[in-house]
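The two complexes that follow have chain A in common; it is paired with chain B in the first and with chain C in the second.
Showing the complex of A and B:
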């Protein structure tokens, strides 16, 4: 458990924005190399971790998808005085950016802060509103000439944040969305060492989810699995959010049902959790899940797809907060699901409209 | 090159009505490409086979330049012969008032105007119509059908000998660069140039082209808004400041290895270049990148002033630098090896 928490800390303190996931990719690959049969990386940077099932005959192929990327910012313009103007890669809540310390990944790693006009100099109207992204800037504390030497348009930046273990079992930091699920993948792979299972497992840390789930889409096309499970985060309960829009931290991973979810996979996940005595919660989604699952479902001729989520407070800020037992239980649920899977079940998946 | 751009820019080709611009391009490339064909979405393909003495395993590079431009299509004709319209692509209704248009199929001219009872800044598409100067629905029907599409209609101009002004420079400039390339280049791998359709309505054409060709590497030629005009919002790219190497647009991110390779080539060949981070502009790059198992995709863009208007402005220096960097990239040593993880 402590090892798994250390992995989550390490992953969340590394920086890997969409399309630029090098740092967390390396950490993950080092961690899982001995847990699986093969690790490979494709053109979009997806990390594909294959673990072979046992037994004769055709092995069902299962794909697990947890996105590796995180929301970051990008330098859009170097303005007069060397102040950087910035744009989103993904969707930071701009209300939370003012006054933050950032690291700019220029020719070297540079520390800066996000500033804007102080309240004394703002009008009453301006003070009532949050500062839009277009009016925020990054101050690197350097002369303009030096900034231009070290920073280029297109360089990434993000908030500097140490991951924190809170009292109890909770952790807080940036990019818990979705390194929590990547950690759950690693926990699942560890657990599979102790279990017997028939399917060939392709655990994929996918790229570019925050800008359109592109990594999952192309990895799904390459692997053509018999079924896929996306692992992502959902909203955790907090003041001001209706109970039906959020799940409880610590009450277990969340299993989603809805039109993007294959009903038999959903049921199998519930049965697995009950049988293995793993706590779980249920979420119903009427439309898009806004996860890798949406894209995976319609790859090629269609993939039966399910979604498991980890409840997370303050999504898309740098203080995303979760309870670690949910991460652990998500990993266990995945492992038990895989161990309970056989070819008969997979073959029936195409026929769900019949029953 | 300028003549080529001019000849392409004057042809109306709103999204979905690219047949005429495709024919014009086809005439230019038929004799220089090894194979030319079109597909069901109207994409025009030009194949340039590898040099025969090459022993290398055949790789394929796809270069795309979309042919279409924004426009409007007729959704209804009223009793007095005024044509009600819907947009093809991202157009702001209030900015269309007073614009001259030309229908792609019939070349009928018209002007866009708005209902008299709506304030100009409140105008939405249902309030707009095209006036083609007829008196009745019957007369209008002789000239126009429901579904006919029209594009902006303005003269191509050289504001200075080096600065061009026209509608549809996005993306006929890139079409001209690609045609010029096809005329002059021979490579040791297969080159497929796709003149794609329907970029304005969601990069529909290139989706199927990417699937069909399944290239090893793709390059998207396009345009990006220039920010060197008064009080423009946080855009570093300048018109005349060099070809823009895409780092990010509103729909995709270029892998750092691909982007940096182009930056290095521009530096070592002393080709003026800038870096594009465009948070509002979209391109065909996002759609090619997710083709099949994923395609390494990068982009070069011509900086363009007033990109969202019928008066688009480009500098020939930037166009020529796009052409140079494109060729330097295609001829570079590590073209197929610089992007593996």
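Showing the complex of A and C:
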């Protein structure tokens, strides 16, 4: 458990924006190398971790997908005085950026602060408005000439945040979305060492989810699995959010139901959780899930797809908060699901008729 | 590193125990007499009873912070600020809470769950809370209680062109200047006061000045500086790297012109850069000290601090060092030439 928490801390403190996932990729690959039969990286940077099943005959092929990328910011302009203007890669709430400490990935890693006007100088009128992204600036405490030497338009930057252990089993930091699920993948692979299973497992840490789930799409095409499970985060319960839109921290991983989800996979996940006595919650969706599952469902001739989520408070801020038991249980649920999977079940997935 | 020690210490207004102890450890070897007063200000005397102009050097050791005012059913903590904080800078930040310094985060509803019109409105204090990870009230009450304090979790680091960032440069930078000055030899009877509760209305400095009854007072501050992107020069208040800032007028004080001119003269002779603080808003302990008893001739000298009252603040280390040099030169001149005004 402590090891798994350490992995999550390491992954969340590393920086990997969409299309730029090198740092967390390396940490993950070092961690899983001994747990699987093969690790490879594809054209879009997806990490594909293969673990072979046992037995004669055709092994069902299962793909697990957890995205490795995180939302980041990007330098849009180097302005007068060397202050940087910024745009985003992925969806930030600009209100959460004011006053943040950042690292700019220029020719060197540079420290910066997203400046805020002190209350001594701001008018009451000003304080009634939030500061839009366009008006935010990054202060590197450096002369303009030096900034121009070290920073280029297009360089990434991200909020600096140490991952923290909070009370009980809770943790907080940046990019828990979705390194929590990547950690669950590693827990699943570790668990599989202790279990006997038939399917060939392709656990994939996907890239570029935050800008449209592109990595999952190409990895799905390459692997042509019989079924796929996406693992992502969902909203954690907090004041002012309707009950069906947010799940409780610590009450177990969330199994999604809805049009993007294959009904037989949904049912099998519920049965598996009950049988293995793993706590779980249910989420109902009426359309997009905004995860890798959406894209995987329509790859090639279509893939039966399911979604497991980890409840997360304050999504897309730098203080994303979760309960670690949910991460652990998501990993266990995946492992047990794989252990209960056989070719008969897989063949019936595409049969919708009653005979 | 005294700036690191001082800025990372805990000490919201009225609750300066940790920072006071940190400063006490620093000043003890250089002081002739150290004591605290009824409000908790730390007073350090050098050459008490000696002949010469008695000068009070004051810096406030408190910082803006937060008090836990309610523990909700769901384990989240409601809080209110101690001192002036713009609620807009609180979202998505980390604080340390209570005696045990538990980590707490100030979360916000995910952008996915917001209506478009919500996104342009700042989150107000009544929509914010600190999440320490407690599942419910009972678990939270085991870790914190109502009245517990919190401060920003920022750490000290140096970066950029001779810059340093931390929380609470306002006014731990002033405290650091005083500690460095205390180490320098002098024959003057000096009183160094590390005052309490400046951020909640200049409460600590008046009683200190009344007790000390100095001939002159110099207050050292970390002051407003907004020399940043797109700000016209008349609106920036001070400029980083341009030297210590001399107060002219602020919300509580019309500065003593002759004393200020004397200080500016010394800066000229010593070739130390100085600037004026070019805004009339805000206030510092001079506001309390210069009205004590029959009035005390006082001056405010400040280190320009960007993003004052925000979680991460910036100073220029040249300004910090030049502030020490300037006050040291002023003291030297008074030591030789006597009281500069009379």
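A few notes on this one:
Here, the second predicted complex is superposed on the first by the 342 of 355 C-alpha atoms of A that agree within 3 Å, B and C clash if a C-alpha of one lies under 4 Å from a C-alpha of the other, contacts with A are read in each partner's own complex, and residues count from 1 in each chain.
Please note the rule applied: contacts are C-beta pairs under 8 Å (C-beta built on N, C-alpha and C of every residue); 3 or more make two chains touch, one makes a residue touch a chain.
All of these numbers come straight from a predicted model, not from anything done at the bench.
Once chain A is used to superpose the two complexes, chain B occupies space next to chain C without a clash. In the superposition on chain A, contact of A:259 is made with neither chain B nor chain C. In the overlay built on the shared chain, the residue A:127 is in contact with chain C alone; chain B does not reach it. By the touch criterion defined above, A:166 lies against chain C but remains apart from chain B after alignment on the C-alpha atoms of chain A. Here the vertex is the CA centre of chain A, and the angle it makes with the centres of chain B and chain C is 100 degrees, a multiple of 10. In the overlay built on the shared chain, the residue A:314 is in contact with chain C alone; chain B does not reach it. Once chain A of one complex is fitted onto chain A of the other, the partner contacts of A:55 are absent, as it touches neither chain B nor chain C. When the two complexes are overlaid on their common chain A, residue A:140 makes contact with chain C while staying clear of chain B. Within the superposed three-chain model, A:288 lies out of touch with both chain B and chain C [touch as defined at top]. Of all C-alpha pairs linking chain B and chain C after the chain A fit, the shortest spans 12 Å. On chain A, the patch touched by chain B and the patch touched by chain C overlap at residues 79, 85. The touching residues of chain A, when paired with chain C in their complex, are 79-81, 83, 85, 91-101, 110-111, 113, 115-122, 127-132, 137, 139-143, 146, 159, 161, 164-168, 170-172, 235, 238-241, 245-246, 249-250, 290, 313-319, 321.
Within the complex formed with chain A, the chain B residues making contact are 227, 233-236, 247-248, 251-256, 259, 274-277, 279, 286, 289-290, 292-296, 339, 341. Contact residues on chain A toward chain B in their complex (touch as defined above): 17-20, 22, 25, 41-46, 74-79, 85, 87-89, 134, 152-154, 208, 211-212, 214-215, 217-219, 221-222. Those residues of chain C whose C-beta lies close enough to touch chain A in the complex are 74, 76, 84-86, 88-89, 91-94, 102-114, 119-123, 127, 129, 131-135, 139-140, 143, 154, 157, 159-161, 163, 165, 224, 226-230, 235, 237, 279, 281-282, 306-312, 314, 316.
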